[in-house]
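Note that the chains are named A, B and C in the order they appear, and that numbering of residues resets to 1 at the start of each chain.
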Amino acid sequence: MNPVLQVSGLSKAFHLHLHGGKHLPVVEGVDFVVNAGECVVLGGPSGAGKSSILKAIYGNYLANSGAIILDDGETAMDVVTASPGAIITLRRHTMGYVSQFLRVIPRVPALEIVAEAARAAGLPADEALERAGRLLAHLNLPERLWNLPPATFSGGEQQRVNIARGFAGNHRFLILDEPTASLDAVNREAVIGLIAERKAQGTAFLGIFHDTEVRERVADRIIDVTRFSPAKEIAA
Amino acid sequence: MSRTAENYRGYNFAYLDEQTKRMIRRAILKAIAIPGYQVPFASREMPMPYGWGTGGVQVTAAILGPSDVLKVIDQGADDTTNAVSIRQFFEKTAGVETTTETEKATVIQTRHRIPEAKLQGHQVLVYQVPIPEPLRFLEPRETETRTLHALAEYGLMHVRLYEDIAQHGHIAKTYAYPVLVADRYVMDPSPIPKFDNPKMDDCAALQLFGAGREKRIYAIPPYTKVVSLDFEDHPFEATKFEQPCALCGATDSYLDEVITDDQGGRMFVCSDTHHCETRRCEGHVGHLGMPVTEAAE
Amino acid sequence: MTNLSASPLLVAEGLSKFYGSRIGCRNVNFALQPGEVLAIVGESGSGKTTLLNLLSGQLAPNAGAVRYRMRDGETKNLLDLSEAERRFLARTDWGFVHQDARNGLRMGVSAGGNIGERLMGVGDRHYGRIRETARGWLDRVEIDTSRIDDKPTQFSGGMRQRLQIARNLVTHPRLVFMDEPTGGLDVSVQARLLDLIRGLVADLGLAVVLVTHDLAVARLLSHRILVMKDGHVIEAGLTDRVLDDPQEAYTQLLVSSVLAA
C-alpha cells in the first residue's frame, strides 16, 4: 500500500460567536487512509460532516485537532499546521478540488479556465491548451462554447467546465464533492471514465457521491462518517 | 560704501541700502556656487510694479559699482519703455554711465533676450525672471518641486516635452526652454527665445537671474555647461528664420515680426536693435532698408 | 505565480504606529513572498491605510521595521534608505494604485505622458520608444490606443483606474500597493477591472498588498488575508479559509455581513 493521504484524530467544530458563542461539533476522531490509485468515498446522511472533512483536508476549513498528512511524492506535509503558502503550493501541485459549483470568473472563456489550471500545474502553454480541449471534448461540451465565458452556460455545462478544470492538472490526489450532481447519464458516464483513467495512473481520490449508481461504480471503499459523529459523546 | 556725489537726491547709491545689497550679494554668491539652483532671497519692494523687472533691478543694484557701464534691453531693444525707465532709474540713483552698445557695457540687464554680440569675461548679464520654477506647471506644490530638484528627479520635465511632441509633432516650446545646468539642476532660462539657448552654454560672462515677485536668484557662472533638454529622436533645435533681417540683412540674428500696414504687410527685423544698427553702420543693407548715410541725410 | 521557495520580498516586523494615544496599528508581523497577493481587510478606521503607508515607507513607524529585498538581492530596512533611494524604489520596483485615480495620475497630462513618466524618470530619452511602450500598455489594460493623447479628465472612472495601473506597471515593479482599487466604481466596471488585475498579477508575477473592505475583491484577488480591527491583526490565513471558516468573532461578523462573498 502506498498512502497518499493519512487522516488521524481529526476533529472539526464550529464556534459561533454571533450566536451566543454556540459550539457546534461536527466530527471527531476521524481516522482513515487513501492510497494511490484508490477511490475512497465518504458515506452517511446529509449533515454528518462529509463536506466538512473534505474542506478540512483541502485547508479550506481549519481543523481543531488531529493531523492531515499529505504525501506530495517527496515529502509528507500536515495540512493542519502548514503555512498558507505551503497549502497554496500543495493545491497547485498535489491536491485538486472539484466542487459542486463552478465559481465563475467573469470574462474568461471556458477553454482558458481549464488551460489555466493546467498551466498552474506546470504544463507549457500549448500542452495546457491541448489538454484543456481534450478534457472538454471528453465531457461533451460543444466546441462552440469553448471560447465563451461560462457565466451564461447551463448548470450542467458549467459543472463540466468545473470538472475539466479539476482534472486539468497533474494532482496525485483529487477531492470530489458531488461532481456528478447536475449531470445527465451520458456525462456521468464520461466522469466515471475520467476517474477510472486517472485511478489507473495512480491518482488517489476522496469523494462524496449521492448518486448510488455512480458511487458503486467508482468507490473502492466507502467510509461511513457517522462513526466520527460526536453526537453520542454530547448525549453522554 | 560711502555716499558719492551722485547720491544728492537722497538715495543710497543704486537705491538699495547697503544691508539689503549685502543680503542679495550673499544670495548671488550662493547661486554662483551652485549653478542653476534657485536661492531664496528677501526681495524688497521696488518703486515699480512686479513684472517690470524688480528681480533684475535688485540684482543689478547689488552688483553695480560707480565705474560700471550699464545697458538695459527689453526684448532686445534699448528704446522701449521698460528699458528706458530702468536705465533712467540707475542714472538717477547711481549716476552710472549707461550705453546701448553691448560691447561697451559691463552690466547688461535684460528682459527676454540675450544680445547677439558674443559676451565677454568682464561682463555680467542680469535676467529679469517672471517664473523661476521650470517644474511649476506640472507640479504646483513648491515643497514637492524642491524635493524633485534636491533629488534631481527630472522625469517630469521630459513629460512636458513629450506632451509637446504628442500634440504638435515637435517640441513646440519656443521660449523659456528648459536647460540642464552643469549636469545637475534643471533651470528655467526666463522667457528668452530658444534661439538664445546655445548662447548660455560655455558663456564667458557671468549670468545672473533675478525673480522679484518669487524671491529667487539663480546663476550660471562663466564657462558652464548648459544643455537644452530634448529627446534622442527629437533633438533640440534653435529657431531658424526663412529670411534675413529686412533692415540690415543679417541671417544669424533673432527676428521680430513688424506689421507695416493694414493690408497684412509685414517685415522681419532684428530684435537686437544695437546689433541691427551696428551692422547698418558697417554698410549692410536689407531688402527693405536703406544705407545709413542716406537715412541720415 | 507564487514562488514559495524564495526568500520573502517584504517583511513587516512588529510594526506599530500611534497617533498620540490613539493606535494606528500595533505589532503587525508578516512576510510577503514574491508573487503573493495579500489582502488587508477591515472596516474604515481599522488601521488598514496606516499599515499600507507604513509598508510603503510613506509613514515612519513608532516601532518595528519593514524589510524589503532589493533587486540586487540585498534586504534592507526601509527606514535605513535615504529619501532618494526610497523614492527611486517607489517609482521603479513598486507601484501604488490609489482608490481615487486623481491621486495617482497627472490629470493634465495625456495618457501616453502618464505612462511614459516613469520611463523618462529613469532616463529614457527616446520619444518614439516611450510612445511605443505606452501604446503597448494601453492595449494591455484595454484602452483604445487611439486615446493615447487624450487626458485622463476625458476618461471614465474605470478607464482611469486601468490607466493608473498601466502607469505603475511600465517599469515592471515587483510589488504593487493597492488601496481600494475598485472603490467607487460601478459593479460591472469593477468586475472588468478585477479581472484585468487578476490577469496582470498572474502574468507578471506581481506581489500585491491590497487594502480593501470588499471581501469579494479579497476573495477574487488574494492568496492570503489579514483581518484588522482597532489597529490589530486579529486573524490571518489563507483567503478561502478565513472567509469560509472564520475563527474570530469580528471576522465572523464581517463575513456574515456581506452577501455571498
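Rule of thumb we're sticking to: a contact is a pair of C-beta atoms (placed from the backbone, for glycine too) under 8 Å apart; a residue touches a chain by one contact, two chains touch by 3 or more.
Since we're looking at a predicted model, the values are computed, not measured.
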Where subunit A and subunit C overlap in contact partners, by chain label: none
Per-chain Cα centre nearest the global Cα centre, belonging to chain: C
Whole-Å gap separating subunit A and subunit C, where each centre is the average of the chain's CA atoms: 32
Inter-chain centre distance, subunit A versus subunit B - centres from mean C-alpha coordinates, in Å: 78
Chain centre separation (subunit B, subunit C; CA means) in Å: 47
Subunit A to subunit C touching residues, read off their complex: 14-18, 55, 59-62, 84-89, 105-108, 120
Residues of subunit C that touch subunit B when the two form their complex: 83-84, 87, 106, 108-110, 112-113, 116-122, 125-128, 130-131, 148-149
Of subunit B, residues touching subunit C in the complex: 138, 147, 151, 153-156, 158-159, 162-163, 165-167, 230-234
Touching residues on subunit C, where the partner in the complex is subunit A: 1-2, 4, 33, 36, 191-192, 194-195, 198, 220, 223-224, 237-238, 240-241, 244-245, 247-249, 252-253, 256
